[in-house]
Amino acid sequence: MSSEQRPDLVLDARSVTKRFGGLVAVRSVDFTIPFGSIVSLIGPNGAGKTTFFNVIAGVYELSDGEILFNGETVIARPRRTWAEPIYWFVVPTILLILAVAALLAGIGIIGHLLFLATLLAIIPALLVALTRPRWYVRMIGRTGIFRSSRPNEMVSLGIGRTFQNIRLFGNMSVLENVMVGMHSRMHANLLDAALRLDRHKREEEAAVNDARKWISYVGMAGYENEAARNLPYGYQRRLEIARALASEPKLLLLDEPTAGMNPVETREMTGLIARVRKDLGVTILLIEHDMEVVMGVSDRVTVLDHGEKIAEGSPDEVRANPQVIEAYLGRGAASA
Amino acid sequence: MTGHPTTGPATGGTKPGIRQRLSRAMSPGTAFSARHQSLTTVVTFAAIGILLPVIVLLPPFSGFGTQNDWVGGFADAGIFVLLAIGLNVVVGWAGLLDLGYAAFFAIGSYTYAYGASPFTGLHIPFWFMLPIGAFVAASFGIMLGAPTLRLRGDYLAIVTLGFGEIVPAVFLNASTLTNGTNGIVGLDQPSFGRLFGVGDFGFTNPWPYFVTILGIIAVAFMLLSRLENSRLGRAWVAIREDELAAASMGINTVTTKLLAFAIGASTAGLAGVYSASKLSIVSPDQFNFTVSFTVLAMVVLGGMGNIWGVAAGAFLIFELQSQGLKQLNTFIGGLGLPAFNLGPITVDLATINFLNYQYLLYGLALVLMMLLRPEGLFPSRRRRRELHELPDEAERGNVELSEADEVEL
Amino acid sequence: MTPATAPLGRVRLSAGRWNVAVGTIAALVAAYVIIDLGAGGEGQAQFINALTIGAIYALIALGYTMVYGIIELINFAHGDVFMVGSFVSWWLLTTLGFNGAITDPLLLGVVLAVGFVFSMGVMGIVGMVIERFAYRPLRSAPRLAPLITAIGVSFILQNLVQVGVSNSIVTTPQIIPNTTLHIGPISISAINLFIIVLAVVLMAALQLFIGRTRLGRAMRSTAIDRDAAQLMGVDINTTIALTFFIGSGLAGAAGVVQGLYFGVSVFTLGFYAGLFAFTAAVLGGIGNTTGAALGGFIIGFIQVIAAVYGYGVWSEVVVFTALVLVLVFRPTGILGQQLGERA
C-alpha cells in the first residue's frame, strides 16, 4: 500500500473491507474526503453505508484496508480488544499465579515473596495505565499488538458523529448531553474533580458556557434543562448535532440527519448542515436517503451498492450515471 | 477551510479552532457558578456526630441500651454506610451490578491483618493502613474489572458474584497464607485516639471508633459527591444510558468503568481496614455473599444514585436489623400468642426470632421496592426518570459496543 | 438481543456441529484418563460420579438457559427453586413414612414416579408464581430491576426454608437400593444409572418439546423477537409462564435427584448449585439448551477432577475461574447463543 499522503484530504480510506462472518458488507472501497467539503454517501438499503460509516467512527474493526485521518493512519488491522487490559496486568498476573502455585506446593516463603512482588508489580502498572492511558497504550502499540482505534479515540482525533436512530442520553438534560460531548476536550481527572481544584472549576465553567453556545447555535436556547427524551423529534436530531459538534470535530459524520422529518424540518436541517460547514469549517460526511438534501448540499457524492463503490462524482454526474440508476431502480430502468 | 493536516488531538489552541469560530458566531452565555457542597457536608456530619449520641439518651431510644451501646452500634452502622456509598458509585452511578462487593471489603480487612498483626509481625499504624487498604482493594478491583468490564451487565453481575465467592474461598483454603478458618487474630487497634478527647480505642470505649468512622465517611462523602457533577460523573451516567453513544462522544468506556469499579473497591477497602481494626480479627466467614447482598439491598432501598439517600438507607436498615428486630422479638414474645401447625411448618409467634427473618424481610423489601417504588426511599432525580420510563424506550439502554444494533448488511 | 447477533451466531453454529460431536467424545476419553490417573483404581466410579453430578447441574442449567433465552433475565432464584424442590421431595418421602431402601420394584417405581411428578409440578407452579408476581410486572423496566427482584426472591425462598423447615441439614430417605449393576465391563450402581438415564430422558423430551411442538415453536419465536411473535398471535404471557414452569420443573427434578443421590439437603444448597449451574449455562452458550446440558457435564467433570487430585476445596475457585475465562474469551459460550435453534 503506497503511503503517499495527500495534505488536502481529511479522510483517506484505502481499500476498506468489512466482513461479518462470511458476509462481505463493504468490499474494497476507496474513499476520500477533502478538507472543508460536504461529501455524501448514498445507496439503496443494505448497500453497506452504515457499516462503512461505523468503520470510520471506530465502532467496527476493519477486516482489511487502511484509513488515514489527517494524514495519519488511524485504523488498520484490528487490535485484539480483550488483550489490552489484560496486558496491563501480565506481569502481576503471572506473579500471582506463581505465588498461588508456590503456596499450594507448600513452599511458603517463596509464595509470600511472590505475593508481595505481585502487589508491588501492580502499583506501577496501575499508576501508568490509569494516569497516562494514552501514553501507555501508545507505548504498547509500538509492540504491534494494538493498531486499530475505538470510537472514543476517533473522537479525540476529531471525528464526531450522530446516529441514524437517535441515541441521546435520554435522562440527562440538554446541557448535560452537550457537556458529555465535550468529554474528550476536557482534561480534569479524578483528583481534580475530587479535590475540586481550580483547574476543574475553571474548566467546568468554561464547559457550561460553551455548551450553552452550542445549544443556541443549533437553535435550542431555552431548552438547556429539559430532559433530552422529552424533546420533540426534530430537536432531538439537532441536539445530536450539537453534542457531536461539542467534541470539536474536524470531520462530522451525519447518519441520515433528516430521516423521519417533514419538509419544513428537513429544510431547516439542511440549512444547519450548510451553516456548520460555513461558520465552523467542519468537513461533513453525510449518509442520506433524501435525494433533495443530498443533491442540494453535497460537493461530491459516492454511491455504494452491495458493499462496493459503483460511482463517485459531483451530484449531477452521479444523477446521470446509468449504474446508479440501475442500482436504485433495477436493471432495465437504465437502458430504457 | 484549511488544507493543513495537524498531528495530535486538536485542542483548539494554536489556530482559530472550532470553539473560537463558534464564539465569533454566537454571543457569550451566562457564567457557571460552582456550589459549595463541601461546607454543607462538613456541617451535616458534625451535626450528625453531635446529634446521634444525644438523641439516644432520650426515650424511646434510651430504653434499649446505654449510650455506649448505641454509639458502638453507630460505629458498626458506619461500616455499612461506607460500603453502601462505595457500592453506589458502581451500581448507582455507573450502572454496573456488582454482586461480589464483599470481596473488596475482605481484601481491605486482610490487608490490615497483614499490615498490623502478630501474624506477619508488621505493625503499620492504622492511619497509614487506611490508604494502603484502599489502594490494594482498588488494585484488585481493577484486576477483576479489566477483563470483565466489557461484558454485558448481567454477565458482569455473575462474574462479580463468582469473584465474591472466590476471595473468601481463597482466604479460607490457602491456610498457610491466611490461617484458614480461624482467621488472623489479635490485630492492632488504632492509637492516638486521645486526639479528639474521646479516650483510647478499645473494646470498651466505642467513642473513638465512632468519631473515626464519621470522619472517614465525611471525607468519602466530600470526595465522592464532587465526582457526581464532574466530567467523570457525567461519563458514568452516559455509559449507563447508552454505552455506544457514550463511546462515540469520546468517552473511554473501559477506563471510565474501571475507575468506578476501583473507586467502589477502594471505599470497601477503607471499610475493611476500619472493620478489621475494630473487631481485631479477620476470618473468611465475615465476608460471605450475604454481606454483598445486604449492601446491595441498602443501596437499592436507599435510592440508587443518590449518595445521601443511600447513606440514610444503609444507616436505617442497619439499625432496624440490629435494634428493630431485637425489639420486635421482645414485643411479640410478650403478647403470648398461641402456636399453630401448617403441615411440616410449625409457627409459634411467641418464640419466633425475627432476627432469623432478616433475609426474608430484605427479600420482600427488594421485591416490593422494585415493583412499587423502584427509585428507592430517597431517589435521585435522574434515576426516578429512568425507572419510570416508557416500555419502548427501556429497550434502548443495553447495547453492546461490539454488537451495535445498527448493522446494515 | 440485537438483530445483529443472530446471523453471527448461526454461522458459527452450523459449522461446528460435527466438531462438537467429535470434541465431546475426545473430551470424555480425556476426562476418563485424567480421572483414572488421579483416582487410582476408582476411575470408573469417579467417572460415573462426575456424569451424575453433571446431570444434576445440567438439569438446573436448562432452567437458567431457557429463562435467559426468553426474557434475558438471570433468574437468581432458580438455584433456590432447585433447593426447595429437594425439600419438597424430602417432605413427601418422610410424610409417606419411608426411611430406607424400597426393595419392591413396583412400589419403588410408583414412589419415584409420584415423587418426581409431585416435586416437578409443585416447583413448576412455584416458578410460574414467581414469574407472575416478581418478573412480569417489570418486563419493560430497565434490566437492573428484575435482576434485583430475582435476588429478593432468592432471599425469600432461602429464608422461608431456613426458618420454616430447618436451619441445618435434613436427611432424605435413600429409597433406591444400593445395588451395583454389571453391564459388560461397566459396574454402575442403580442410583447412578437411574439419574443419568432420567436426565437424558428429560433433556431429550425437552428438545423434542421445543423442536417439535406448537408451544415449543412459540417459545423459540418469543426468544428471538418477542414483539414479532406477539404480532404473529403468540400469547407471550402464557409462553413465558410455560418456560418458567418447565425450567422450574426441571430444577424440581434435579432437587429430587439431589436428595436421592446425596441423601441430604440444606437451605443454602441453592446458592452454590445455582451459581455452578449458571456457569454451566454460560459455558455452553446461554440460551442454548444443548449447550446448557453440555456445560452441566463439564462442571461435573471439573468438580470431580479437582476432588480426585485432592483439590476438592478449590473446585469453586476453579469453576469460577473457568467462568471468567469463558466470558472473556468467548462470551457466546461453547455452542453459541440460541434458544432451541439446534432442536
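Here the chain labels run A, B and C in written order, and each chain numbers its own residues starting at 1.
Here, a contact is a pair of C-beta atoms (placed from the backbone, for glycine too) under 8 Å apart; a residue touches a chain by one contact, two chains touch by 3 or more.
Just so it is clear, the model here is predicted, and its values are computed rather than measured.
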Which chain lies the greatest distance away from chain C when centres are computed from Cα atoms alone? A
Innermost chain by mean C-alpha position: B
By count of C-beta pairs in contact, the leading pair of chains: A-B
Chain centres from averaged Cα atoms put chain B and chain C apart, in whole Å, by 33
Just the number, please: Cα centre separation of chain A and chain C in whole Å. 43
Going by the touch rule set out above, which residues of chain C reach two or more other chains? 7, 328
Return the residues of chain B touching two or more other chains; collapse runs of consecutive numbers into ranges. 147, 150, 386, 389, 404-405, 407, 409
Multi-chain contact residues (two or more partners), chain A: 20, 23, 82, 86
Residues of chain B defined as touching chain A within the complex: 1-7, 9-12, 17-19, 21-23, 25-26, 28-34, 38, 135-136, 138-139, 142-143, 145-147, 149-150, 174, 176-177, 223-224, 226-227, 230-235, 237-238, 241-242, 244-255, 258-259, 262-263, 382, 385-386, 389, 393, 396, 401-402, 404-409
For the complex, which residues does chain B have touching chain C? 91, 95, 97, 99, 147-148, 150-155, 157-159, 161-163, 165-166, 169-170, 172-173, 289, 293, 296, 300, 304, 343-345, 356-360, 362-367, 370-371, 374, 386-387, 389-392, 394-395, 397-400, 403-405, 407, 409
Under the touch definition given earlier, write down the residues of chain C that touch chain B in their complex. 1-5, 7, 72-74, 91, 95, 133-134, 137-138, 140-149, 151-160, 162-165, 167, 271, 275, 278-279, 282, 313-314, 316-317, 319-321, 323-324, 327-328, 331
Given the complex with chain B, which residues does chain A contribute to the contact? 5, 7-8, 10, 20, 23, 25, 35-36, 45-51, 54, 57, 59, 70-72, 81-82, 84-86, 88-89, 92-93, 100, 103-104, 106, 108, 111-112, 115, 119, 122-123, 126, 130, 133, 150-153, 155-158, 161, 163-165, 167-172, 176, 179-181, 183-186, 188-190, 192-196, 200-201, 203-210, 212-214, 216-217, 227, 229, 243-245, 247-250, 279-282
